[in-house]
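After this come two complexes, each holding chain A, first together with chain B and then together with chain C.
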Partner chain A sequence: MNQTMKIIGVLVVLFIIAPLVIVVPMSLSTSPSLQFPPPGYWFGYYVQYFQDPSWLRPMWNSIVIALANTVLTMLLVVPATFALVRHKFWGKSLANIMMLMPMAVPHIVMAIGYYNYFGQMGIVFSKLGVVLAHTSLSVPITFLVLSANLKGFDQTLERAARSLGATPAQTFRHVTLPILKPGLMVSALFAFIQSFDETVVAIFISGRDAETLPRKMFDSIRQEADPVIAVISSLLFLIVFAALFAPLALRGIKRLSGRATSPSTTRS
Partner chain B sequence: MTASIRDKQNLTPWLLLLPLAAYLLIFFFVPLAQVAIMSVTEPQPGLGNYERVLTSPLYRKVFINTFSTALLVTVCCLLVGYPLAYLMAHTTKKRAMLILMLITMSFWTSFLVRTYSWMVLLGRNGPVAWIFLQFGWDEPPQMLFTRFASTLAMVHILAPYMIMNIYSVMQKIDPSLVRSAESMGARGRSLFRHVYLPLTAPGIANGSVLVFVICLGFYVTPVLLGSPREQMAAGLIGRQIEEFLAFGPGSAMAIVLLVITLVILAIYHRRFGLDKLYG
Partner chain C sequence: MTSYLNISGLKKDFGTFTALHDVDLDIQKGEFVTFLGPSGSGKTTTLMIIAGFEKATKGRLTIEGESISDLAPQDRNIGIVFQNYALFPHKTALDNVYFPLQMRKVKKTEGRRKAQEMLELVGLKGFEHRHPKEMSGGQQQRVALARALVFEPDLLLLDEPLGALDKNLRESMQIEIKRIQKTLGVTTIFVTHDQTEAMSMSDRIVVFSNGKIEQAGAPLEIYHKPGTRFVADFIGESNLITATITNVATRSAESALLGVMTYGDGAVDTLSGGQEVTLVLRPEHIKLSREPIAGCFSSTMTIETIVNFGDSALVIGHRDGTALRVRVPGADVVILKEGDDCYLNWTEDNVYLVTE
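Let's turn to the complex of A and B:
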């Protein structure tokens, strides 16, 4: 491994990480404008964030919409994924393309489409409209994650259950479902995040009543006034950070405590 | 008896697929088709909107801007991503894991947060301006709301796609291929050009198509960080709707953008298969 490659690597990692990290100290700054270095540190804007209904309401909307989106997406995608992974039928490759289509169409195109269509149906600017739109957009990623899991599923286990006298329903409930559970959880998580982060369609169709967090953030950033944006940005970043590094940290703690107790325990 | 079982089996996939297919028809394909219809009916029937979108200098400028930006972002992502992917594929497993986690962290952080972080960095009193100041540059150049800012932020946002695609290919390269090329006398640049680069080509293709296509339709980052005078296609479509309620020209432009995107993806799909793209 030569030296220049290493230096380039370190620089690229810095380029990827530094912009994210810088938001955290800025969110603790006392200055209302984005001033570097911050003149002082406090938690004032965090307090402000958690007391301001104009920020809490969009956050709540986003959570409700993302949850509804997850349930609806899973109800539709799980059976369809079984059909596509486990069955051979006429038109299968077409069905496959159909399920991936929402990923291929730029969101701005769908934003016009939904704005117009839901306007005709009278559900533009409502939570229902946003959920219905987000569900379409969540289909591809949920399908891809779930089908990758289902492809790795060893079907002899189901056949064994059937040969031992289990009905198809029992087999599904006691064999298929428990084995597939992690895959289902991960794909549901992807559906949730897809909706929670979706910005472009929400900007056009969520309006005031169903305003989602990304829409509120977009508007605030565009007006470039509210120091609270730094707070919510830091929080969103720290959630991802915690979700990724918590398992690692836990394992580290376990290993440390394991080492501390290992002399007294016999290894078998 | 056997025939009925076979019939039942043949029906099963259709029944499983039906709810989703119906849903996508009603809540995806119909609204999409209506965009196409609006493009030839608003404000009056005919191809006037397309004529305007495809021939007027204003729209042409936006399309050229969109393409050149997407190309530039793709090339920059490649320049940034390839060396890092190489490093990850050739360092210790522990370090590769750590880098992968940091990239995943960026990948999972919302587009908006990443866009905002560039606003913080490049602002008039931000960290970059502060560094300029330390070097005695009193009046730092205007960085925010320029093409430079939006391009830089898009490279930052899309680089993880490129890195992950290239890394996943590099990881699978059989080291004995490289060793045998070496034993045949391939060295340095020629080893890279004739052996390593072709082996990583599928990853480069995957990453580039993905980055290019996302960039073509990018709305949020160019609108927030870019120059209002140098709009990209999605930004202009949004403005047509938001400010002028001009659904006709807006839809025509959306359809042009859609067709270009789909053509690129279709070519890609014929060669590699679309489901590999995002996997």
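Let's turn to the complex of A and C:
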């Protein structure tokens, strides 16, 4: 019984992650179209990708937009989260709902809204427009991650710091910020990924100048089933994978080297 | 003698609820004072006002004559040990202790040396580079104490710091805190709801109830001469007997439970006939016997429960449906059986009178 459950569990996991990893062999395929299993393997499409400006430009756009989105999102969400978690004020529950709204509204609805709204403001088809739209989409997830972290933060630590002679600013710098740092990093990462992956809004408002990578992929897959798409998918997959697991790996390395160099931490 | 810390007319309202009513207190330099009381009695509120985390609605706080009421917490130079220790999880023990010196712009080498010395004083030599989560509760407690003392505070506040420790550790920390406090001579306020802790550690106990100070005095004075019925009930165990004064000159009172009783000392001097009072009879002052003991006041009760502690036992009996408690030495308990009738014996010196 137990064994059967385990096998079923493994099969379910394999079924779910198969489409994620299937793009990797496809990107190395010699076939002129997207085909699985590949008839043969080569690196030709990787070379092609890195030599084609019509692919490199959208990637660059995506990186710039995602970075700007991350900065803007954090500037808005960090103070808002402190206010919503730590203070009581009139209209607080409404403000809480507003923060989560973009998660509930379908992206296609928001995309149409932005298309018209930004059109009248003259910022449709510009990087600025995409950054603003992506920021509002990044707010909910960033807020959720950060508020969970902040709720778990023991405010007695700040009182302790004050009693020990720290001003409010010093308390924030030496106590609050370092302790919340992992939470801040994770929420910033989510903001980045949210923008980097976003397709629907980008299709509507990024235009030619601010064309993002997912939009370019969508356009290109509609025109031709170019295996270069498999290359980009593999790269995106690896980048996100690396970003998520880098902190974990770093911590592991730190722990191992810490053990090797300072015996005092293990002495009792 | 002029006082070191002076609290006068302290009042605190939370909306319509008054948490503190006109608290006045003087604390001498180097004194170890315990704020004792049930939760919600105002002891922690008073502590938070002294620390600067709560603002008093009214009243004045001075240290050596200088008002500290308007100072921000970081400018008060008061060390605090919190209930959950509040150690900085991202800093090592040494860096936690160095923190207040860092904030005071003490040079790194000198500050770290001082922090090191303080860790040694609290018995944590060799633990400098551990993070809080790598230490036991007792060790974290010591780090918190070192951190609160390293900057030579004018006042040390301890907010129920022993609550989270197990019994044996708590007792050894009591002795340890007392030793360190004596070594440094720092004026200390200790907040607790544990009366044995208060008894064993304090120079003086301040009993709080309902936002007021019920009584302030040395531990034995509080125990033997409780000022009010609340104090008699809260500190130690008591048999509280409601009685009416019958004759002030012969110090007699009539109680429904034990008949006419003669009282010894009392919390008030001026009494009048017919006045309602409470007579306090401590369980360890009563002797149990099969026959009344000559020269004592005696009464009977039926034994209901015997609770053994090894060194002593608590005998709970009843008389006319009212419970009476007697503490007997452990050796004597073997002759007693639940369900037996026995005599209670006491002398008038054992009866203490309170009015409120």
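Heads up, the rule we're going with is that the second predicted complex is superposed on the first by the 228 of 268 C-alpha atoms of A that agree within 3 Å, B and C clash if a C-alpha of one lies under 4 Å from a C-alpha of the other, contacts with A are read in each partner's own complex, and residues count from 1 in each chain.
Definition applied: a residue touches a chain if its C-beta (ideal position, glycine included) is under 8 Å from a C-beta of that chain, and two chains touch if they have at least 3 such contacts.
Since we're looking at a predicted model, the values are computed, not measured.
**Q** Taking chain A as the common reference for superposition, should the pair chain B and chain C be classed as clashing or as fitting?
**A** fit
**Q** If we overlay the two complexes on their shared chain A, which of chain B and chain C does A:Ile97 touch? Say first, second, both or neither.
**A** After superposition on chain A, A:Ile97 lies in contact with chain B alone.
**Q** Once the structures are superposed on A, label A:Tyr114 by its partner contacts, choosing first (chain B), second (chain C), both or neither.
**A** A:Tyr114: touches chain B, not chain C.
**Q** To the nearest 10 degrees, what angle do the lines from the C-alpha centre of chain A to those of chain B and chain C enclose?
**A** Here the answer is 90 degrees.
**Q** Pick one for A:Ala246: touches chain B only (first), chain C only (second), both, or neither.
**A** After superposing on A, A:Ala246 lies clear of both chain B and chain C.
**Q** On the A-aligned overlay, A:Ile16 touches which partner chain: chain B = first, chain C = second, or both, or neither?
**A** Once the two structures are laid over each other on A, A:Ile16 reaches chain B alone.
**Q** Determine, under the contact definition given at the top, whether A:Leu56 touches first (chain B), second (chain C), both, or neither.
**A** Neither partner.
**Q** In the overlay, answer first, second, both or neither for which of chain B and chain C A:Asp197 touches.
**A** After superposing on A, A:Asp197 lies in contact with chain B but is clear of chain C.
**Q** With the two structures laid over each other on chain A, which partner does A:Leu164 touch: chain B (first), chain C (second), both, or neither?
**A** second
**Q** Using the superposition described at the top, determine whether chain B or chain C touches more residues of chain A.
**A** B
**Q** Quick one: classify A:Thr156 as touching chain B (first), chain C (second), both or neither.
**A** The answer is second: A:Thr156 touches chain C but not chain B.
**Q** Touching A:Thr135 in the superposition: chain B (first), chain C (second), both, neither?
**A** So A:Thr135 only meets chain B here.
**Q** Minimum C-alpha distance between chain B and chain C after superposition, to be given in whole Å.
**A** 7 Å.
**Q** Could you pull out which chain C residues touch chain A in their complex?
**A** 51-53, 72-74, 76-80, 82, 84, 86-90, 99-100, 102-104, 126, 128-130, 134, 147-148, 151
**Q** Along chain A, where are the residues that touch chain B in the complex?
**A** Residues of chain A touching chain B: 1, 5-6, 8-9, 12-13, 15-17, 19-20, 22-23, 26, 33-37, 75-77, 79-80, 82-84, 86-87, 89, 92, 95-118, 132-133, 135-136, 139-141, 144, 148, 193, 197, 199-200, 203-204, 214, 217-218, 221-222, 224, 229-230, 233, 236-237, 240-241, 243-245, 248.
**Q** Going by the contact rule set out above, which residues of chain A touch chain C in the complex?
**A** For chain A paired with chain C, touching residues are 154, 156-157, 159-167, 170, 174-175, 178-179, 262, 264-265, 267.
**Q** Would you mind writing out the residues of chain B in touch with chain A in their complex?
**A** Spelled out, the residues of chain B in touch with chain A are 10, 12-14, 16-17, 19-21, 23-24, 27-32, 34-35, 38, 80-81, 83-84, 86-88, 90-91, 99, 101-106, 108-121, 123, 125-127, 129-130, 156, 159-160, 213, 216-217, 219-220, 223-224, 234, 237-238, 241-242, 247, 250-251, 254-255, 257-258, 261-262, 265, 269, 274-275, 278-279.
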